[in-house]
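Which chain is which? They are A, B, C and D, in the order written, and residues in each are numbered from 1.
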Amino acid sequence: MNNDEVMRFRVRYGETDRMGTYYYARALEWFEAARTEWTRAKGLTYAEMERRGVMLPVVVSHVEHKRRADYDDLLSASCAASMPGRARVRFDVTISDAESGAVIAEGYTVHALMDSSGRAIKPPDWFVEFMREAAG
Amino acid sequence: MNNDEVMRFRVRYGETDRMGTYYYARALEWFEAARTEWTRAKGLTYAEMERRGVMLPVVVSHVEHKRRADYDDLLSASCAASMPGRARVRFDVTISDAESGAVIAEGYTVHALMDSSGRAIKPPDWFVEFMREAAG
Amino acid sequence: MNNDEVMRFRVRYGETDRMGTYYYARALEWFEAARTEWTRAKGLTYAEMERRGVMLPVVVSHVEHKRRADYDDLLSASCAASMPGRARVRFDVTISDAESGAVIAEGYTVHALMDSSGRAIKPPDWFVEFMREAAG
Amino acid sequence: MNNDEVMRFRVRYGETDRMGTYYYARALEWFEAARTEWTRAKGLTYAEMERRGVMLPVVVSHVEHKRRADYDDLLSASCAASMPGRARVRFDVTISDAESGAVIAEGYTVHALMDSSGRAIKPPDWFVEFMREAAG
């Protein structure tokens, strides 16, 4: 399992709340963007996966919020992926302060595999192969 | 054109920002909920409209932000609808403080009519009739 | 630990995503609203807690997504609270379909206690008392 | 008034809705990020402005939604600023498809000037000077 920086981004004003830090649910949007960029970095896109009929709905999400991050702070996301079972994908994401490296939030999401009609599926061969090479 | 209260709701924590008031984009989510409740109050639902093949994508949105509203404030939304053209629907929404009646935000959205494949359509008869009775 | 319905609400259009179900991060906004309503139902408000100088930033959030919920579906939230340690509060939330009772999402958040300057604090007596009575 | 590209970004999954395009309120988050990047490109940051005691709450927002944009589409934002009155700032933003250049959404926001206690203020000299040079 490798762990790569997949993107840098700034906290948007609308992502803060009256406590003066990012609103906790927003971390899951950053996790999603990190998964998207991880997939692209590995040579495929999640949009293309969906066009091929594989959707990855989230079944579990878990975040540990470690530090505050305020408007306009420059953050970094790293991401790693694995298949903890025949029909499950897991992404581990860490959001850090891009300058100090201090961890802001870390956690994971577990995903089922579903076709475009919403039925659970076993992963097609191309998917398993992609994951083996990408997550290796 | 009548103008009715269609819902009451409280500002969510995640709808505030570091300025200690609601984040401006969130007003458009409240506008959307107000349109939804207006349609239901008039005897139809927007979900049912979509099932019948009429979608109402927003083509213009305009909001005037008049006053602050903070976390947990109880707000009220009123809504009125009209057809400013053969293939346009307009909703006027006012968000007020539920206790004082002071206006928090007001504005409108203009909507095109589209079928489920994304093509512009003329409104079917049932739609025109609904709007005539509901907006009357 | 008791588990009460604290609110009913409808899925907003903006809470759905292109998969045609609620976007997963939005469940955490519902959790937040459920905590807010639980606190109010127990005779205090979270807004009042903050005015008294006790803030409850989220340190862990965990959600299991069980079923789809689409635009305009009527959902129900139930909530229970506990203090798993001297300086931690935990809220367990279940989001269900209001008609069938089927669970849509369930999980919990763990909160630290912080004063308004962002420093970790021990809970004041009134807070411990409130939690003892409310969560009892 | 000049009009520059200030950022490129991809549509997040959570920014789409069940219609398969970006949810309209999200355009205002992109507008906000565009204003942030415009200010930085001109040699100041909005975060710094707030530290100096000038806040720019939105008093009017107006968006014309021209075309769909789906998940993972690469978009471009351009931004221009002006002072339409002694105590008002206006930002005009255009969101385009980064490849074709087709306009996705365009509009403007008008901002009041406020100090950190929420009182309306006249712009300090440094602010007027910054705007004159930056917007020139």
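Just so it is clear, a contact is a pair of C-beta atoms (placed from the backbone, for glycine too) under 8 Å apart; a residue touches a chain by one contact, two chains touch by 3 or more.
Keep in mind the model is a prediction, meaning the values are calculated, not measured.
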* Taking contacts as defined above, which has more of them, B-C or C-D? -> B-C
* Asked: So which of A-D, A-B or B-D is the twin of A-C, meaning more than half of its contact pairs are the same residue numbers?
  -> B-D
* Structure fact -> Chain-centre distance (mean CA atoms) for subunit B and subunit D, in whole Å, is 24
* In angstrom, rounded to a whole number, how far apart do the mean CA points of subunit B and subunit C lie? -> 27
* Structure fact -> Cα centre of subunit C to Cα centre of subunit D, whole Å, reads 33
* Tell me, which residues of subunit D touch at least two other chains? -> 13-14, 25, 28-29, 32, 70-71
* Asked: Which of the residues in subunit B end up touching subunit C in this complex?
  -> 10, 12-14, 28-29, 32-33, 36, 45-47, 70-72
* For subunit C, which residues count as touching subunit A in their complex? -> 19, 21, 24-26, 28-29, 32, 55, 57-65, 68, 109, 118
* Residues of subunit C touching subunit D in their complex? -> 13-14, 16-18, 20, 23, 25, 70-71
